[in-house]
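Common to both upcoming complexes is subunit A, partnered first by subunit B, then by subunit C.
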Partner chain A sequence: MSATNFELLRARLEASSGKDIKLNREFLKYVREHHIRESTLVSIYGAPLVDKYASSLGDELWVVLEQVCIAALDSQDLKLADMCISKLDAKFPNSSRVRRLQALRMEAAVRYDDADLVYQRMLLDDPTNTFAMKRRITIARERRDLTRAVQLLNEYLTVFMSDTEAWLELADLYIQQGMYSNASFCFEELLLASPQNCHLYVKYAELRFTMGGVENLELAKKYYSFALELNPDKNTNRAWFGLLATTHALALLADPSSGASKKASSAASESKYVAEMNKLARTQLTKNYENSSATTTLKECLPKTLSDFTVDRMPDSGSSSSKDAKTR
Partner chain B sequence: MSSAAITFGTEAYLKMLLHCCQHPATSVCGLLLAPASSTDSTSNESGVTCVDVLPLFHSSPLGPLLNISFQMAEHFASQRSQKIAGLYMASETLEDNEISTVAARIGSQMIATQADSVVFMIDNMKLRRGDEIAGSLYVQKAGKWQRSSAPLMMEDGHALEIPKQLFNQRVRPHIVDFEEHTERPEAD
Partner chain C sequence: MMELVLDPRIRDYVLLPIVVLMLLTNIFRHYLMLYIGNPEKKSDIKSIYAAQVLMRTRRFRAAAQRLSEDAFQRRKTFFIQKDSGLLVQEQQQQPAQDNPMASMANNPLMDQGSMMSMMGKNFATVISNILLFTWIDRSFSGFISVKLPFGLTRGFKTMFQSGIDLPALDVSYVSSMSWYILNVTGLQGIQALILGQAAVDDAAMQMSGMPMPQQQAQQPPSAKMYASEKEFIELLQYKWDMKNTEERLLQKFGGR
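This part shows the complex of A and B:
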């Protein structure tokens, strides 16, 4: 819902070419309240607000200056950022909030060492300054010092362990380095915190698939199924595709001619309902594509792709099941 | 195979850059498509012509979707008499423009099916400047990925102006990649 409101607001904004100051103000306020990251737009439409029309904003000016400053830094408009900082500094000398913006300004100018020093000083004054902690992690990440970023992020999480965004970021850092089991741990923390979030289950299943091996594929299969149970209605193609790929991978492993070890092969062939789930995934994907307005080319590609991943029956699975397909 | 030059069609190059710009905070990747008729080992000096790209992901690509998207991409390409010629990838950070481990891994898997696959790593610094083709081509020699010294060319020499204009006008890109497609099938 908020996505559509935002789109409407943006359309009105673009239609007015930024000449409607009240609309600009409304847009910036909306972005602030909903924590949306639209730095280019905020810079473009905020610039006149803090410059020509500053006097009409009253007390809102300071919050808007801060917002536009950060957006300007994000979209590399350093001139605009500097203008904002100098106005804020003039009004609030020695403000720690302004100092944060100055440090961000250093980051934008790729002066990472200087910025890092400022953050370290902030942490000496206040060891729980989460802003400074997070910026140090981002600097490490930007410098591709992922080991350091991971170390700092772990330190942060020992104190602030309920910060889900942080866990997600840590998982991503681990994934980038191929440290999948560490990433798994992060996802497990996330799932404990938000057990109703089906996107998490899908991502976790993808991770398990990538880790490979029968046990992980089994887990992937279960998590995909659970995600689909949680949210059977819309936007589920990612999960169905995942289930398709997972069942196919299990069938491949179970096939004794595939080169997998005997142990893996027999473990895989004991996996339940693989063929049924595979069929269910194919049926559902076909249905979803037909009901959608996907382009014809894509709709034509789908059956061929599906047939690449078809599993009619598990190799060596004994009696082929005649039960109806189940997801459990 | 020997180092191949790559020539970018205008639309292909633009789509690739716009895909990057749409997701400035993450790494992006996609596939390069070339006409199916271009042969490999006997190709002449013009090398590979990339006529289109297929944007895939704007987050770290993991197992299952990667497999599926590749298969789909192959069918999609062959339907348009094209083939997958390689991978393009852009890092999330400004200065990291060497071939990444993920790109190398995916590239090596692609080489297994098609020996002259290439990896095009987008150079975010060059993207900012906009004067030259924003990236480097990597080819595999003796199992290792190396930067190719062969020239990169645009099909239309003036095409490099277009990204600059687009950036100046702050055009909002809307490129749909495979990841987004899985959320909304009508997006293509």
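This part shows the complex of A and C:
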């Protein structure tokens, strides 16, 4: 609902080409209240508001200045940002909120060391300043210093351990560095926080699939299935493909002629329902693509893809034949 | 019952002045409070940490059955292991149960700064109320000032007709003291219009005498809370939700 409202507002805005000041104000207010990130639009339509028509805003001016400043920094319009900051600074000298904007301005100008110093000073004044902590992590990330970002984020999470966004960020950082088991710990925290979110299960399963090995593949299979249990109807292709790939990988492992160790092979062959899940995945995918609006080329490619990942029967770990799991 | 006609001069020289004066005192007190200043509630890292620990353990207990066994055991140990578990450490850091003063001191609601400002606010309200009360009592007693539009029972006579000694008088005719009391609550509406809603919340808070915390901050967790969380987690049995998920899935889609 709010998406359509936003689109309507945006259309009206473009139609008036920014001349309608009241509309601009309304738009900015809407963006503020719904925490939408549309920095280009906000800086374009907010600029005249804070410049020529500043007097008509009354007390709203200061909030709008802050909003336009951040949007300007986000769209790299440093001149506009500077104008906003100087106006705010003139009105509220020594304000911690203005200092935040000044630090962000430094970040936008790639003066990371200066910005970091400002944040550290903020933290000395108030050790619970989450804004400063998060910005420091972002700076570390911008400088591609992932180890430092991870360290800072861990320090943040030691105190604010129920911040789900932070766990997601940490998981992302770990994945970027290939530290998958650490990432899966973070994902588990996320699962605990939102156990009804089926997408989390799919992502977790994908992570486990990437980690590889019989145990992880087993877990992946379970989590894909559970995700489909939670949400069997809409947008399920990702999970079905995941199941397809996982069952195929398990079958490969179970096949002694594929080069897997004996231990892995026998563990994999103990996996239950592999062939059945594989078949189910293939059926569902075929059905989904048939009914979908996918292009004809895509629909034509599907059977070949599916056949590449087909598992007719789980191979016995003792047998030497490899005809049961077709490989690519 | 006879119908008394009240002198209109009572309205002019008693009722209206009381209302105006009360309004002015409220406004004055409000601005005085603004200038004395509100110390910002500085959040304490320890209390945030403590609250978050409990939030995390509660979340864990709620959704633990979605985790793999390995993850479950790892977290269980993390929280409750002897000497190094998170809950155990927190428990040991809390002051002992038989020291209520210490736990009072830790209570962020009783922080020195916020206490002072709350007492200051209450002080001003109390003083102004006492002054007005005394002034009205001295200057405007002994006569009827208002006829209330509704009837009351005999019991209210002593309260509402404080300076008047007429046992036969209808209880609807009240003294100026009760007009004052009526105004104390009644003026909040006009105050809201003039000063903004915040002033009214403040006034209501002072009247009720209870300091309402700004945030959702509850009592900082006591050693008891940690102990009970620990027990809950110890007792938590692992029963994986996903044990038979493949079967269920196959059944679900078997018919389709």
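Note that in this section the second predicted complex is superposed on the first by the 314 of 328 C-alpha atoms of A that agree within 3 Å, B and C clash if a C-alpha of one lies under 4 Å from a C-alpha of the other, contacts with A are read in each partner's own complex, and residues count from 1 in each chain.
In this text, contacts are C-beta pairs under 8 Å (C-beta built on N, C-alpha and C of every residue); 3 or more make two chains touch, one makes a residue touch a chain.
All of these numbers come straight from a predicted model, not from anything done at the bench.
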Notebook entry, point to check: Clash or fit: how do subunit B and subunit C relate after the overlay on subunit A?
Noted result: fit
Margin query: For A:8, using the defined touch cut-off, is the partner it touches subunit B, subunit C, both, or neither? Pick first, second, both or neither.
Written below: neither
Margin query: With both structures fitted on chain A, tell me whether subunit B or subunit C touches more of subunit A's residues.
Written below: B
Note to self: Quick check on the superposed pair: does A:124 touch subunit B, subunit C, both, or neither? Answer first, second, both or neither.
What the structure shows: neither
Note to self: Here's one for you: vertex at subunit A, rays to subunit B and subunit C, all C-alpha centres; what's the angle to the nearest 10 degrees?
What the structure shows: 160
Margin query: One more residue to check, A:78. First (subunit B), second (subunit C), both or neither?
Written below: neither
Notebook entry, point to check: Which partner does A:305 reach: the first (subunit B), the second (subunit C), both, or neither?
Noted result: first
Notebook entry, point to check: By how many Å are the closest C-alpha atoms of subunit B and subunit C apart after the superposition?
Noted result: 19
Check: Which part of subunit B faces subunit A closely enough to touch in the complex?
Finding: 25, 59-60, 62-65, 67-68, 71-72, 75-76, 79-80, 93-96, 101-102, 170, 181-186, 188
Item checked: In the complex, subunit C residues that touch subunit A -> 42-45, 48-49, 52-53, 55-56, 59-60, 62-64, 66-68, 71, 75, 241-242, 245-250, 252-253, 256
Check: So in the complex, which bits of subunit A are touching subunit B?
Finding: 37, 40, 44, 110, 141-144, 172, 175-176, 178, 203, 205-207, 209-210, 212, 220, 235, 237-238, 241-242, 244-246, 249, 288-289, 292-295, 297-298, 300-302, 304-305, 308-309
Next item on the list: Please name which positions on subunit A make contact with subunit C in the complex.
Entry: 126-128, 159-162, 185, 188, 191-193, 195, 219, 221-223, 225-226, 228-229, 232, 272-273, 276-277, 280, 283-284, 287
